[in-house]
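Consider the two complexes below, in which chain A is the common component and chain B and chain C are the respective partners.
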Partner chain A sequence: MLKYFTFRFLSIIPMLFVVTIIIFIGLQLTPGDPLTYLIPPELLASANFDLASYKKAMGLDAPLYVQFFRWFSGMLQGKLGYSLVDGTSIATMLGHRLPATLELAAAALIISSVLGIVLGLISSVRQNSAADYGNTVIGIIGISIPEFFLGIIAIQIFSIKLGWLPVGGRLDYGESGFLSLLKHVAMPALVLGFSLTAALMRYTRGTMLDVLGKDYVKTARSKGLPEWKVIVKHAFRNALMPVILLLCFRLPMLIGGTVIIESVFGWPGMGGMLLNAVSAKDYPVVMIATMLTAFMVLLASFLVDLLTALLDPRVRFD
Partner chain B sequence: MNSESDLILKVDNLQTQFHLSRRVVKAVNGVSFQMKRGRTLGVVGESGCGKSVTAHSIVQLLPKMGRIVDGSITYYSSNGAVELSKLKRNGSEMRAIRGKEIGMIFQDPMASLNPVFTIGHQIAENITQHEKISRAAAMERAVEMLTMLGIPQASTRIKDYPHQFSGGMKQRAMIALAMVCNPKLLIADEPTTALDVTIQAQILELMKEMQHKYGTSIILITHNMGIVADMADDIAVMYMGRIVEFGTVRQVLGSPRHPYTRALLQSVPVLGIAKGERLKTIRGSTPDPSDMPEGCEFAPRCDFATKQCKTVPADTDLGGGHRVRCWNCMGGLTT
Partner chain C sequence: MVTKAVKSSLALRNWEKLRRNKLAMIGFCIVAFMILCAVCAPLLTPYSPTDIDLGSRIKPPSLSHPLGTDKLGRDVLSRLLYGARVSILIGLSGALGGAVIGTIIGCISGYFGGWFDKVMLRVSEIFMTFPQIILVLILVVYFGQGLMNLIFIFSISGWPGTYRLVRGKFFSLREENYVEACRAYGIGELSIMFRHILPNTFSPVIVTVTLSTAGYILAESGLSFLGLGVPSGIPTWGNIINSAKAIDVISNNPWLWLPPGLAISLFVLGVNFFGDGLRDVLDPNQ
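So, the complex of A and B:
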């Protein structure tokens, strides 16, 4: 099995290569190039302006495949390159922004998986109770309301009307420490994880109800096991598999969601960086940022395989 | 001769209902029977006649909407009589009986073992639940049990998961699981229905063996007349939530007195049946349990129904424990 997973993990590399090619071609297909963004239109229009030398200086004159392999080989050597717009090193940008995004995504992931699974369990065990109906309402709201809208409402209520939480940002100016961080991350993480919470809750409820009707749950009861053991050990252990799969599949959506949530809450992460880079045609930055996202998607699907094998004895890769 | 100490279970006027959103289904409607120690009671009847619900009522493993509304179920344990129908569904008293005093085997061995735990773990769990015993010792008992049930290399197979077992082996594992605490009563709910015919015989043989060894009483639920004839000492024939005929195998199969029992026996295919001869069927279909006919519930399908059948029939004792719920059972039934 170790062999299979080593192979499976290494296969991420060629997939990543294919993904980067697709992103590169996609970027070329969009109209305009970085120069139209960098150089004022009047200057471009003037007769004695030497566009070719500019292109040459930036390496944009070479054929596309040369540009691509130049960039790709550089990346393999750890040279992530520089922003075309302001010349900052992408590695430095990532160093500042990636931790913020990961922090937000991790907080959202933890909140939504714990909340979603626990509420879903309660709903399934107390099916058709007031708690179940309440959860259903929350679930429908969570699945149907777009997160940017939810974010704006949350800011309006909790920051402006009630003044409980800061409007945005990651830390107050000149402040540090866990508590301040927690105060800032709470609202964006809850908003970001809300739809995932709702989806997990509905899904946990559904799979649990399905599993609770299975014969082996009756077998567990026929042994005289206490009810909590029947539910947590025999039923939940079986319902957990599909729930974790859903969680892993939704992981990329969570990362993608940060792009919007970060701009709503002024969170200094990758999202804002990607938005700016796309509008500026800042190829190197877009490439690296999308590649990171693609990497996370591939990693999530790898995790799905790994967890399936660990949780389900029927799945073995030999 | 019917001294109480001989009894293991007494069910009296049991009524179990299912409360669905709009209607109430009377799945078991006044079932009474007694069971003596070490004997096998075969419960037969068509699908939906209430035989499974009766069994599940005894151990209170009914689905959520199922409820015992009346009657009593008395279980005679070594510490005296326990009124099972009054116990809380998942209370500690009921749980102390489940698995320890009363074991259960279900219809589909493929579905009744938990796919994510090893066979050994699932068997040992029953022991550790009821006895103060180390996990290793419980595992050893599980190995012994599986060996006794004819599973080769039980000490290694015990680490297998259910999907690594064949259907017959899974049912053996289920028997091991149900019998490992040496219960006084075993309820087998169609234990062989999902198995191949050759495996069926093996499983039944094993159950008989276990009964011999431990003196277990067995309630065997089935719709297979052949199995009942082979296994049971007593037979209860059920129809629409009621026992319509009860007696020893000799009484019920030898001289069936209820038209339904007769019809059931006639609808069993036998070897040597003339070519082209049609098998007898019971005309009509079972009535909707929420809309039962007046009087005898079998009357609309019965070839011998008379005017009297519009009134609810009484149990008629034919002597020797043979009782029939039919107005016309005293004679006059000729086919």
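So, the complex of A and C:
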């Protein structure tokens, strides 16, 4: 089993490597020379200024692949480069921003997978009941409504009209504790996970109905097993596989969605950093943030893979 | 002559099947109605969507302005109607562009296989690792904001879905007997690929284009909401909502964000209903 997991983990390394190469090429393609940001323009314009020797001193005259490996090994040591706007180290910026985004995305992922699968199960077991129709309506809204619009409506209802939840932000000044954290993360996470919840619900319902019509379910029932056992142990386990595949497929959308949701709720994560960087054309920050989102997607799909392997006895570990 | 009759009867039969699907028809009516409103915008509202009238700023809905005015005194209804044109155009062109690129690469990749296929499959996997909104953001940084740029960006970030679909279809179709027959007749490879196999992949591609039109309309509105989509001078559904980033607008001026939000949701809903129905008719295996 350990062997299988190690193999799966090693197999995402080439992807990670290709992603870093793309990011490096992207950084190379940025307009302007990195030196022009470092050297005062009057010095650069003066006649006896030797640009070539400066380039040599900075290692910028080396062939591209050498520069790439220098950059890459620097990155492994946590040297992610500096923002063009104010010169802050990107690693420091990420240290503040990344945990917030991970927290939001993880909360949304947990909420929507539990909620989506449970609601889908209820829908399939009580087909054509009021609960089923209610879920169908939620499902339809979930795939059609823009996330930010849903966010605005939620703010209007729960924060402004009812005053139950804060308008935005991660923690108010001087606040701490799990409960206030929960209060802040609840609405953004629900909104972020809403379309995923809807998709998972529709899909769980579909595959469950499919499985419940199979012969072995009839056999299990005719053996006289209690209905919950038939549903949970016989039907649900088999219906879960395609659902997890869908979850894996939708992960990039969830992580991408944080950009918009963070902006709606003023969540201090990577999304806001990325947006500022895009508007300011702060290329290094944009590229590093992009690289991290790709890493997050790869890592999350690896975790989903592990989950699949643990749940499905047909996946062999050797 | 004969083949034409058969063709039209097939189309007719599919249309009949589609007509019996209630949800698809509701979707079709919503979409048709909204497109009609967008086309007839000049007849439905006397105002221009870009005329600034500082005398009547942020006015709530009234008889002269059925949906009120925004912070520059522009009529929200006319912005909504003219904005529909741009939003729908972007969604549809982005989806079509992605489908064309995906289909062409998918054809070559699926028909010939080999190293090209292996490379393109990897490339599409890498594209799919980046969340689409992030891809779009990077491309916005490098190419700049603009209507045509956005369509272009949507096209090149959206091809992997169609690519995989067409490639998969080609893998199974290229083993069919009729392809062998074509070869035996001495028909050229290009002609077999594009004239004989390709039309068989159209059904799922049409369904994908429909459904991804909905996705791109959502994406455009999200980007414009962030201020990174279409330049703010051009009215689109997302640009109208853009003003609702401030809390006081959310709580005090619902006419600025509710109508465009509902318009987007309704249109996307219609397209999704229609697309699902279309899939049931054209592509029953999926």
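We take it that the second predicted complex is superposed on the first by the 233 of 318 C-alpha atoms of A that agree within 3 Å, B and C clash if a C-alpha of one lies under 4 Å from a C-alpha of the other, contacts with A are read in each partner's own complex, and residues count from 1 in each chain.
Just so it is clear, a contact is a pair of C-beta atoms (placed from the backbone, for glycine too) under 8 Å apart; a residue touches a chain by one contact, two chains touch by 3 or more.
A quick note: this is a predicted structure, and the numbers were derived from the prediction, not measured.
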Joint occupancy of chain A by chain B and chain C, clash or fit: fit
Partner chain in contact with A:Asp215 - chain B first, chain C second, else both or neither: first
Chain B versus chain C as contact partner of A:Val297, first or second or both or neither: second
Chain B versus chain C as contact partner of A:Arg237, first or second or both or neither: first
Which of chain B and chain C A:Gly163 touches, first, second, both or neither: neither
Which partner reaches more residues of chain A (counting touched residues only), chain B or chain C: C
First, second, both or neither for A:Leu225, with chain B first and chain C second: first
Which superposed partner A:Ile260 touches (first chain B, second chain C, both, neither): second
Which of chain B and chain C A:Leu311 touches, first, second, both or neither: first
Minimum C-alpha separation between chain B and chain C after superposing on chain A, in Å: 16
Common interface positions of chain A, toward chain B and toward chain C: none
In the complex with chain A, residue positions of chain B that touch it: 59, 61, 64, 90, 94-100, 103-104, 106-108, 111-118, 122, 125-126, 129-130, 161, 163, 174, 177-178
Contact footprint of chain C on chain A as seen in their complex: 15, 18-19, 22, 26, 29, 140-141, 143-149, 152-153, 155-156, 160, 167, 252-253, 255-257, 259-260, 263-264, 274-275, 278-279, 281, 283, 286-287, 290, 293-294, 297-298
Chain A contact footprint on chain C (complex, rising order): 122, 125-126, 128-134, 137-138, 140-142, 214, 218, 221-222, 225-228, 241, 244-245, 247, 250-251, 254, 257, 261, 264-266, 268-269, 272
Residue ranges of chain A touching chain B (in the complex, touch as defined): 127, 214-216, 218-227, 234, 237-238, 311-314
